[in-house]
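Structures follow.
In the two complexes that follow, subunit A is the common piece, with subunit B as its partner first and subunit C second.
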Partner chain A sequence: MSQIMPSARQRKTRTLLFWAVPAVLLLLPLTTNPYTQFIANGMLVSVLVTLGFTLTIGNLGQLAFANTAFFGIGAYSSAILAAKLGVPWLLTIPLAGAFGALGGFLASAAALRGIRTYYLAIITLAFGELMRWAYLHAKPLTGGTDGMPMPRETLLGISLTDDTLKFYIFLAVTVLLVKATLNLMRSHFGRAVMAVRENEIATASLAIPTARVILVTFMWSGFVVGCAGALFARHVGHVFPESFGMLHLIASFAMVLVGGLGSVLGAVLGAVLLTALPEYLRAFPGMEELFFGLIVAGVLVAMPMGLASLLRRVSPIFVERFYREAP
Partner chain B sequence: MKKYISLLAAAGLAASPLLAQDAEWETEGLTDDAITIGVMGPFSGNASSYSKALIGMMAYYDKVNEEGGVHGRKLVAVQEDTACDSAKGLAAAKKLISQDEVFMLQGNSCSGVALALRPTIEEAGLPWIVAHAVSDSISDPLAGNIFHGVPTGRANGRAMAAFVLSKPDTSNVAIIEHSNDWAHSYSNPARDYLEENGVAPSLELTMERGQTDATAQVLKLRQEKPDFIIAALYEAETAIFLRDLKKYGMGDVPVMGTAGTDLENTLKRTGDFDTVKNYYVIHSYVDNLDGPLMQPWGEMIHKYYPDEELSTFSFVSIGSAEALVSALEAVGPELTRSKLMAALEEVRDFDTGILSDPITWTADDHQGVKGSAVAGFVDGEPTVLKAWGQPY
Partner chain C sequence: MLMQLTLGGLSQGMIYALIALSLTVVYRSTTVVNFGHGDFVMAGAFLSYVLVVLAGVAFLPAAALAMIAMFVLGVMFNRGLIRPIRGGPHIGLALMCIAAGYLLRGIARMVWGREVLPMPPVFDMAPIFVGDLVITGDAVFIIGTVLVLLLLFFGLMALTDLGKMVQAVYQSPRGARLIGLNVDRFNDFSWGVGAALGALGGILVAPVSLLHPDLGASFLIKGFAAMTLGGFGSLGGAVLGGVLLGIAEQYAGAYLDTALIEITAYVVIVAVLFIRPQGLFGRKAVVKV
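Up next, the complex of A and B:
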């Protein structure tokens, strides 16, 4: 690792900064209209999706693309629990996370069988497509191509269609999961994850149970993205199979790369930037896709390690111990 | 008494900002010389070809503006991209409503997006005319501010069955369809219409997407000898099915297809006129696309969009734009959102001159177009038909 590690004082500053950002964000609804608030809510959903994705692909180093499957599983679990069983939506968030973790368990089976690189990529892509097929064809449960509308619900007398209320819930869930992930990655377990990425055989020779590390990382990734799915279901208010296809996967992958592969800070930056960018590009009708592609390519050419690497250069407080800079 | 007057005055004062707010909401997006209309469509992404469906409407706005507008107000379209994606569509709707503050909305392809938008737009309360998406659930159950300006899936399905039963002595009807919701959106209303008229489908078959041979289905049909076949299949599978029908000597059995297929394109695919000579499709217009009744509309589009390559989609939104302008004219210069919605509910049997069926919106039913014409080959020429043997 070539970065200068933060001092004890800088780590303290980093902790303060971590809590200061959401504290400032609490005031955000005072400055937004329903449109900009909706976009801000979408950013929080994207942060969790990107965070879960970067765990398996960046931190664990597995070329696994089951992220969109976890997202769909979370969204549909939340919608089905709320619409069919009358479970309050707030309660569906951890439950959707649990179903996402179950998806992670299933997706890890291929990795545990020793399947790696492109083969793992294809198997996990197929898993995503299989799930999409299930959403389309399990019509009594999922609504088929018509999708599933989320039931109308209130919380403390406020309708859950209210974007400001949703923002505070999304923010709380996002902060909780980002903090939990940071703690997990800074722990002994996080170092084991890094070790698996660097050299799985060498890690196993140190009596680290690599299979368990892979399994738990996939499941935590599934949990985080499953929770994001539950937030997405309430964010859009209607869950459709098309929302969980290849386009979503590519967009999430771009967020991971633009932010910085394997970096929690990068996941946040990539998600925020690439959720906001298409909205700014609305001003160039017919050219959005071109500009979007050019900007993403430009960022990656200028900063191959993503936006997080830029911040690391500014100050060591942005250095993540579990993150590996490019050689 | 004095106390009551004071109370009344206090209540009046308290309510005045609310009343002012209501008045402001009623005329949001309206100036002395412009009515802003939010137009949402898939202008990017995989389904961007559907954005052609909004061209006709935009050209009609341009035509009205060139003629002086409506009561001196120009129709100013504010376009937003949905990319046929529900999250992006919602962002577009929220932008148009809360940031651009448009007076009303018109447009929308992609039923899935329109379904996702419904709760937001219903809550916002501004008028929304759906000009392309066909899912019945967009406007049913009734929402006071949502109006459907094209035939819905149900209307098309029933029109298919009505045409089938208009052929004399038709009692044996078979259905072949894909096993997806798109096909069911046509076949289920068709089935309902048949049953309401005492005809139960004699045979129901499926043909999956991507299937390149229909021999098994055709052999079953040959045993059943149906008078008419309803085919809810995409164009590629329709061509295969028609080819195999002819191959097994059933080329004379008429087949009724959906609006998802085009008569001449199907002929191009099979390359054999005999395969399509008894094929009929749902056709929402009064004439063939190159027919004399459609020609002025094509010229109108080309006047404002010279590069537009005309297709079936190019014309689909014109009818609802005409109905909107008619309602705006009926309201008069003192326009408000409530007055416009009330005027839209008074639109009765409105002949658009382009859609085969008129538009009628009432307080209880906002699905304005209840039927559709059919196109088929008559004496070798593509012809628009009202019923079996009856040219439009």
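Up next, the complex of A and C:
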């Protein structure tokens, strides 16, 4: 490893920086107008989606397409729980996460049978398409193509359509899940995840049940993205099947790659950078696909480990454990 | 009824067989699974639409031109985007294929917007009646074209050195280099053939379906389902898997529920990978750790 690991003092600075960012963000609603606030909320949702995605393709090293499906499962379960069963939205967030985790289990259960790489990718791809089919065809539950509106709700006397209130809730959930994921990746389990990526057979020889590691990583990824889905449902106020289509998939891939595969910091950076830009492209059909396609291809050729790899060169503060120099 | 369904399934299955075969050709010779292949199929369909409807070329020359264009595009894709990241892990290569697919889709959508385009029928042949069975011109055309092509393809593989070259490069690219094969050029060629065959799938399907830029996604899944069923990496398996999938779809749609036609492919993928991961003719697909 050519990179110097951060010193004890730099690690302290890093902890300080980590908490300084959300602290400063608490003041953000003072400076925004309703539109920029809406965009900022969208960025927080994207951060979680990208975080969950980078876990499976970056940290675990398994090509997975099911991320968009977890996102849809989270959003739909939040909407269904809130609209049909009257569960308060705040409570649907962890529940949507649990459904997302269940999705993660189903999408990766084949790993227990020894299914890896391309086969696992195809199974997750099929799982995603199956979910899209389900949104459209389970009409009594999902509303089909018309989608599902989120019910009106108030929290502490403020309507949940208020973007500032949403921002604080989104921020709390995002910080919580980012921190939890960082801790998980630092734990014994997190090391096992990255060991599976580097060499599965060597990992198995250390008595680590690799298939189970894959399964649990998918489930945690599903949980994070499922929670993001619940946030998204409230963010846009109406859940449509198109939100969880192919465009969302390539956007997630682009965010993961721009930030840097397998980097939590990168997931945050990629999501923040790429959430706002496409808003301007939406008016021109086809431009979003071209934009994200070019970004993915460009990053793969020119900067395969994304922005996180550049930051690492700037200061060891940004070095994450067990990062890779190349994808 | 059963015969009619089988015929319909056969003609649909021939398309899947072609797509699965083209995916396998690229996979066998370069070990890259083209996750953007559905959009190559879509591009073939759109090119033939442009040539036939907008430029007024007759169908057969238009199909040939579209295939040549897609061959060139496949070679260019390999040279420009795949080769620079060749040594990397499979994730990078797969993502590059996805990116290329989205680029094609973006171009298609930029030109056509959100419209759905109907292609004029190509074969205005009166249907043939054999007892209860109705054989349409399209079915004859699709099945006939693919059969001829398959004969040609497997004939070339069996009777010339081509088959041995594919096998050599598949087993060991370095070994193939040592015995004097130009592996880079061979990969270019495989990408070209893969893209052209996939495009032909799109060209054949264009006159019998509506065209839209997102049409590739479902064909990709069907190609994968056919490959998985036949055995990943087996050329003959891909063809058989495609035909079986086409027929299974028709049966499921007629005897169970029409909505099931769309998800037969997913069910096949999941079922095969759980029950018999190596498919009908594949080698072992399972990692034992």
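The rule is short, and it goes like this: the second predicted complex is superposed on the first by the 301 of 327 C-alpha atoms of A that agree within 3 Å, B and C clash if a C-alpha of one lies under 4 Å from a C-alpha of the other, contacts with A are read in each partner's own complex, and residues count from 1 in each chain.
By definition in this document, a residue touches a chain if its C-beta (ideal position, glycine included) is under 8 Å from a C-beta of that chain, and two chains touch if they have at least 3 such contacts.
All values reported here derive from a predicted model rather than from experimental measurement.
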{"item": "Per-residue touch tally on subunit A - higher for subunit B or for subunit C", "value": "C"}
{"item": "Which of subunit B and subunit C A:L182 touches, first, second, both or neither", "value": "neither"}
{"item": "Subunit B versus subunit C as contact partner of A:E279, first or second or both or neither", "value": "first"}
{"item": "Subunit B versus subunit C as contact partner of A:G293, first or second or both or neither", "value": "second"}
{"item": "Touching partner for A:P34 - first (subunit B), second (subunit C), both, neither", "value": "first"}
{"item": "Subunit B versus subunit C as contact partner of A:L155, first or second or both or neither", "value": "neither"}
{"item": "Subunit B versus subunit C as contact partner of A:V87, first or second or both or neither", "value": "neither"}
{"item": "Contacts of A:L310 with subunit B and subunit C, given as first, second, both or neither", "value": "neither"}
{"item": "Common interface residues of subunit A - those touching subunit B in one complex and subunit C in the other", "value": "285-286, 288-289"}
{"item": "Complex contact set, residues of subunit A against subunit C", "value": "57, 61, 63, 110, 113-119, 121-123, 125-127, 129-130, 133, 137, 200-201, 203-204, 210-211, 246, 250, 253, 257, 261, 284-294, 296-297, 300-301, 304, 326-327"}
{"item": "Interface residues, subunit B side, partner subunit A - complex", "value": "43-46, 79-81, 84-88, 90-92, 94-95, 97-99, 112, 115-116, 119-120, 123, 135, 137, 180-182"}
{"item": "Contact footprint of subunit B on subunit A as seen in their complex", "value": "33-36, 38-39, 42, 136, 139, 144-147, 149, 152, 161, 232, 235-238, 240, 242-243, 247, 278-279, 282, 285-286, 288-289"}
{"item": "Sites on subunit C touched by subunit A in the complex", "value": "33, 35, 81, 84-85, 88-92, 94-96, 98-103, 105-111, 113-114, 213-214, 217-218, 220-221, 224-225, 228, 232, 259, 262-263, 265-266, 269-270, 273-274, 277, 285-289"}
